[in-house]
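In what follows, subunit A forms one complex with subunit B and a second complex with subunit C.
Here is the complex of A and B:
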C-alpha cells in the first residue's frame, strides 16, 4: 500500500486529533473486511431503532448498505477505492470512477469528472441521538470527499466532481461542499445529483490555502 | 499498513468546520443502494418537479396580478428564464433563481427549493405538490378552484416551514 498517507480525524469523546491511514487503492478483499467489521454495528443499530420505535424516516439511510456487494466493481479499470483506517478498523470508505462520467453543469458541460459512486462512514461513527449513539470519530466523510477533489485535479479534471446524495446528505454536499444540485435523477433511484464545477473546486482549494 | 508519501495535512479548522457540517446531517452517504429504505419516501420525478414548480410560480404570479415582465423585474431574473419555468422548459432552475422568486412571491424559500427539485421534498410537501399538479390547469386568470388549489399548496409549504421538520 505504497500510496497510503497519514491524515487526522477527530475523536468525539475528547475532541483530539488522531492519526489515521488514508488508504488509496482499496482492494475488493478489503471491502469484505469492511462489511465484516460494519455488519455487527449495523445490526445493533437496527435493533435499537426498532426497540426505541424511532420513525423510519429518521433512520440512517445507508443502514441497509452492503459493501461486500460492491467488491466486484473495484476490479474495473476506472474504479478507485479509498478508505480511512484508524485503530486497526475501517472508519470510512469511498469508491470513485473516472469514466465514463462527464459534467452537466454550465461551462464544464461534457468535460470529464470524478464520479463518487459511494461514500460511507463506519456505523460506529454515526451519531444517532434517538438511541443514544454518540459515534467514535468524526470528519471522515469530509476527508474522503476532499480526496476525491484532489484525485480529480490529479487526473487533470480540475477538481470536477459528480455524485448522487442520499436525501439526508443533501444539505452537506450543497452547503458545506458548495456543490450545485442539478435535479433528481430517475436513472439513479431518483436521488438528487450534485456537481462541483472547476470554478467551485478552485474556490475550495483557495479556501484551504492549496493553490 | 504502512504510511508513506505523507501529504499536506488538512487544515484543522477546516476539518472541524466540515465535521460540524457532517454532524448537522443524519448522513453524508452517497450512492444508490439504499433504495429499500427510501421506498416509503417516494419523491417527485424530475419531470413532475418541473411541472409543479412552473405551475406554482405561474399561479403565484397571477395571484399577485403581475405580468411575466413585472415578475422578472421584481425578482431580477431574465424574462426568458421565467417563461421557460412557467412552460416547464427549463430542466432545473438555478438555486439563486428559486430564492429570488421565493422572496418576491412570498413563498418559503426552503420549501420552494424542494418543489423545484433542488432538494428532496418532505413527504407532506410531496403529497401537496402532486395534489396541486392534479388540480391545476393553465388559464389566463385563476379560477376559484385554481385559487383554492394554489392556496392549499402554499398553506402546506408555509406550515412545513413554520413548524414542520
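Here is the complex of A and C:
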C-alpha cells in the first residue's frame, strides 16, 4: 500500500473514533483481496436473508457486487481506487473515473467532473435490522465521498462530482452529501443520477474549513 | 497523487491555439487538458481493441457515423 493517510471512522457499538488508513492508490491486486475478504460476509448475509424470508426489495442492493471483476478497470489512467483499511481489513472501497464524464448541471454543463463509478462499505459494516446485523463501523461512505470531492479539486475540476445512486443510497447523496438529483437515467439501469456542482462543492469546502 | 515527470512538448501554433482554447473553455490548465486527452485516448483504445465501436450521432439529422481512432 502507498499514499496512505490516517483518518477516523466510528465504531457503531460505542460511538468511539477509531484510526484507519485511507489508501489513495488502490491497485487491481488490492481489489482481489477486498473481494476475498468480503465474499464470505456477503454469503453469510444472503444465507440469513433467505433463512429469515426477508423480501428481496429489502436486501442490500450491492449484495451481488464483485470487486474482483472491477479490478482490471484500475489499469486505466482515467480510473482511481481509494479505500479505507482498519483492523487489517478493508472497510470500504471506491472507484472513481476522471474521464470521459462531464457535468450536466446548470452553469457546470460540459465541464469535467469526477464520476464515482462504484463505492461500497464492507458487508460487515452494513446495518440490516431484518437479520439482526448492526454493522461494525460507520462513516466510511462519507469519508470516501469527501475524498472524491478532494480528488476533483486536485484534478482542477473544482469539486464537481457525478454518480448514479442505488435506490437505497439516494437519501444519503441528497441529504448528507447535498447533491442534486437530475432524473433517472435509462442508459444506467434507470438509476437516479446525482451531481455536486462547483458551487455546492465550494460550500462544502467552506463548511469544512478547507478553502 | 502519483509522482510526476516533466517533458518538453513541441506544438505548432495551431495546436497550441486549440490547447489554449480548450483550456479556457473547460477551465482547466493546459497540462490537465493533455492529461484528460491521454486518459480518453487510452480508454477508447482499450475499448476498441475489445472490438467495441464508437459512434457520433446527430439526432436532429438522423445521422450516425463510426469514429475511427488511430
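Rule of thumb we're sticking to: the second predicted complex is superposed on the first by the 209 of 211 C-alpha atoms of A that agree within 3 Å, B and C clash if a C-alpha of one lies under 4 Å from a C-alpha of the other, contacts with A are read in each partner's own complex, and residues count from 1 in each chain.
Methods note: contacts are C-beta pairs under 8 Å (C-beta built on N, C-alpha and C of every residue); 3 or more make two chains touch, one makes a residue touch a chain.
Not measured: the values here are computed from a predicted model.
By the touch criterion defined above, A:17 reaches subunit B but does not reach subunit C. In the overlay built on the shared chain, the residue A:162 is in contact with neither subunit B nor subunit C.
When the two complexes are overlaid on their common chain A, residue A:98 makes contact with subunit C while staying clear of subunit B.
By the touch criterion defined above, A:146 reaches subunit B but does not reach subunit C.
Judged by the touch definition given at the top, the superposed model places A:123 against neither subunit B nor subunit C. In the superposition on chain A, A:77 contacts subunit C only, with no contact to subunit B.
Measured by the number of subunit A residues touched, the leading partner among subunit B and subunit C is B.
Where the contact sets of subunit A with subunit B and with subunit C meet, they give residues 3. The touching residues of subunit C, counted against subunit A in their complex, run 1-2, 26-29, 32, 36, 38-40, 42-43, 46. If you check the complex, the residues on subunit B that touch subunit A are 1-12, 14-19, 21-38, 40-46, 49, 91-92, 95, 117-120, 123. On the side of subunit A, the complex with subunit B involves touching residues 1-10, 17, 21, 23, 56-66, 69-70, 85, 116-121, 126-127, 138-139, 141-143, 145-146, 163-176, 180-186, 188-192, 207-210. Per the touch definition, subunit A reaches subunit C in the complex via residues 3, 24-25, 76-78, 98-100, 110-112, 154-158.
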